[in-house]
């Protein structure tokens, strides 16, 4: 994985900036004969879309996806079938508020990639964060919508499990809560909706921001995906989750807590189930042992930092070498982690789809 | 990254099992003209070598490296110069205690990759963990020894910062402590040596095991390494650290703690330093913003789980479908995380070397 | 190189079918700070465009390129500057004559990929050749327009040197002839224009087709590009030229003729030039020795087969297992090799740009 | 493909120089459960081995292969079974005649990579050609021996079809002739043995050299391998054949001759065979249409240039800028193309094995 492409057999290349005419992705290596609809892709995109509540950025983007290649329409006029050739999807940028970037163009916003871009490229698209804009993640979500279809029976779901200092109560976990229309947080704990609402309203009014922790659970993965050494399934999941903007940590199963446990407490014991097959008695490992899937649900978590775009002035410098104070004006996103839930799902789905094809390629066992 | 190779321009392929005749690596893409000695590589390997204290596995392996290609000897008979062609390094396995694997060959050790190997390949080298043996990491360390030389001024160091329930006191951090001969733990906190000794002796005598957290700090990295989207420097570091055996979590800078902070507390402010150049006033980001190095030290941590090879019987099954109890006999490693310190250093060094060459390739700016 | 992407650091992914809404490419890894205009890309596309003479397909496609990402407009409103992020270019398909594909959909046209697609994918976009349509090559030409700018001083030119049984007279070689408006053949030999015209008119009227041989010459390449073994510059040029539709052979320098020569006749001798630097006294090697550029012009030739879309009925079968006779109706292209000239230039330019960046990455020597 | 690795799923990395202690390869991605013996690999190596007749280099190398990883021995003590992990094979260099390289070290041998190495790396292993030595091809042959086993029923054979000005008579083609012990040329035409012997003895005694053309025929390839655009089967075969030392041209099926034909003559017509399946009535295409295998034999040819190591003095320069005359002393190989036969077989086998796994990965259809 490098440049703007990820995946080895199921490969996704994304392109586009915040303020260019469009953004999109090319999905290469998708198996032929997969049926899907544009509406399914759009449904995933709508989960990530800005402007859906007062807790996410108010940029108005319909995020309408166009599918430009790699499919044959079925007779129902709706179903598309993949042909095995590259699938190009494009989303036009609509709400590119024109403004005077004169001042911003030179200022390095603390916590953003402005300074590092200038160090890397010597040139930077200062309009709305350019390539580093969270808008790029729309392309990931579109790709993920297709990745979900590659592995028969695969189900990838995500939930927000912590926001700033507040954690959910895992005893209340109910997946149906996550998608409730009155739940702007993707939390699986009904009781946390009110708590998060009050907490985040406070953060928002203070012009501040907080981070979040997201958990992704993927079920229906056959045992055997991954590879022992540098093609570990958890490695590629970690890589892709870490590639999401503002992510600073990734863990699988017990994750960092495993470092605190003894071998007795951390290992998953096995027994023969009623079906005569091996079963794990627990899932401390998060569905992956030695880099290879066990058949249990794959469980990954990632930490999203608070955005540095806040209303409090922060000390910085500009590209001319002047010391400046930077304050975010206009749109303000108090918890960018919320919208990371569908993005995390997409990345995990893509990693699994890729490993499914790689496993089939090398071993022919699925 | 996939299969048994990692890196895009500085590429490392490793091979070998625990109980085969040898293991090794091929380093491909190393710049020409780099001077190093076999002794330098050996010094890194000796840090990882088993048998160096009662707290690590007692397998007796000299881990003598042979350099088979890609170098020209200088006149001093010691210095080697890279020629730009692939550098093959080999380490012979010496201490392959022959024993009867009859019973073990079929049993799935809980927490190990035995079951998942059988699911993936339908065949498994049961001798000492086969490819998943920690011996593979010797090849990584050898590659890392060279990677350190690729970036002028690069310094990569690691330390153990937590073992099971015990944390170091970061106020006592002293890098010189890490390499003290009376410090078998790579801890940077002198006071923790006695604490860890007592704690781990208890674990060892109980036939149990604990996990650990390792921190890697890389200094001397120019600003500009990495890429905005799928070639993020932190992404590749996360990928490589997660590829180490038994690692279950990775974080950069504030990591998971960042999720708990506000934007005010997490952002690194900037000012113009006395040298007239931009300086960061803190390093919450761990040296990476938007996937690109800032010029500050890169700070990464990873969590190593406790090994499941313990003296307490654990429930499992075998490949014939029988329920069995598994107890580890013989060599026992109470905290496999200790030896992960030089391995983590090697992986971070390789990631940085690769990004240095990639950055030079695309931009010509270093 | 695999799937729909080529290149290692300068990477091009293309997408799109003959009869979808559009086709395009994503250029990833292009250095930042390169200046170009949309008109320059368009000029290259216009050389490849169908419908420019009676000797090429009469499909009417304006092939207007849109540049969707990866650039910043300069103040002159025309110049674009690359930012180092992926450059997405799109060309809409306009002339997709709607027709009844009922019969054609099942028939395997001899010499085309119809049968092999069905064998590979079990599904096939039968509309105009789908992904295998020569329209895909527009995306290559667009990418090549940028690749030409990556290496300072690089000049890549192509010419048709044989058509069916007719060869040019190399003694008449004049590059300025190639681009003359009255030369529909890209031949560098003025005398051959009349010969080819008469010959190809005969072929065209007979409803037949012929093949062609194209020669590409790239000048201004610094010595040192390429690599000794599996990253040979000639290897990557051969790979990319062979990836062009209908190409069946590739050669470098003396090529197949070298097999007939003695070592005395085939080797390029060297002397010190008036500039005090090593000079080659000839260029039998076509600018590449041991996979690495010598600094002399790189010379490559490739053979394009005659299209099988002819007016004479050919025996074939359909996907239902019936024996059928296939005759091409409508548009007919008597020598598809003509339009391969700008495509070959683009592929060679891309290979060189990629190796230039790779060489800079590994060695820092350019 | 780049650096010193080729293949996407079946990946081969080679390492080693002419005068280092050893050379070898790592085969990564080989399916598990493939049975083979070391003797089978050795048999392929023996075909390529130097010193087998007076027409090939007299360097005495036993080329004994050692298999260091990735296999489990079966009970018969001879059969090895692949485990799916990387297979490392090593061949020690034995006959490294020590000599004084003082003078040669600086001289650029015409037609060799000496000058280009210095231009690329600024340093060069002048001992016996270093990495560019034909010894590297032993590693390819070892890898090819395993690749042949990946595709059930695959048979890859090669033959020399032209040497200098002499061609075989294709009407005499008999595969059994190729392996006859009295045939040092791998020619399939019995009558040509005497012709080549006399011709090459003349060349050898004159201290000269000639080129050769090799043809590789691969049978038993299922239809459907390859991909339409940049993963064409012929493209990857061309790339790998062109990566062999001294190869200057590659062609598939009719190759360059196709450019001279009409569409009527070049297309392969189809009919339904007695087995009720589609059959091709000819194989002008060399088994590949649109980049995808047709099920017919894949036929590839490549041209090997005459070595420039001849006894006639050639004009050159040295790295100090002096004009010198270079004459080859000692071992002299009048037709390096002869030994290219088993190498070409290996490369084609590797390309097909890789595409077989890729096809299975993406489509699950084999």
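Residue numbering begins at 1 within each chain, and the chains themselves are lettered A, B, C and D in the order written.
Everything below uses one rule, namely that contacts are C-beta pairs under 8 Å (C-beta built on N, C-alpha and C of every residue); 3 or more make two chains touch, one makes a residue touch a chain.
These numbers were taken from a predicted model, which means no experiment stands behind them.
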Path length in steps (a step moves to a chain that is touched) from subunit B to subunit D: 1
Chain whose Cα centroid lies at the greatest distance from that of subunit A: D
Distance between the centres, which are taken as Cα means, of subunit C and subunit A, whole angstrom: 38
Euclidean distance of C-alpha centroids - subunit A vs subunit B, Å: 27
Geometric centre distance via CA averages, subunit C-subunit B, whole Å: 45
For subunit C, residues that touch 2 or more chains besides their own: 3-5, 8, 14, 29, 32, 84-85, 120-122, 131, 228, 358, 363
Residues of subunit C touching subunit D in the complex: 1-6, 8, 14, 108, 110-113, 115-117, 119-122, 131-132, 136, 162, 164-165, 203, 208-213, 222-232, 234-236, 238-240, 242-243, 245, 248-264, 266-272, 276-278, 281, 285-286, 288-295, 303-310, 312, 314-317, 321-323, 337, 358-359, 363, 365
Touching residues (chain side subunit A, partner subunit D) in the complex: 8-9, 29, 31-32, 84-85, 228, 357-358, 360-364
Residue ranges of subunit B touching subunit D (in the complex, touch as defined): 3-5, 11, 13-17, 20-24, 26, 28-29, 32-33, 66, 68-70, 72, 81, 83-88, 90, 120-125, 130-131
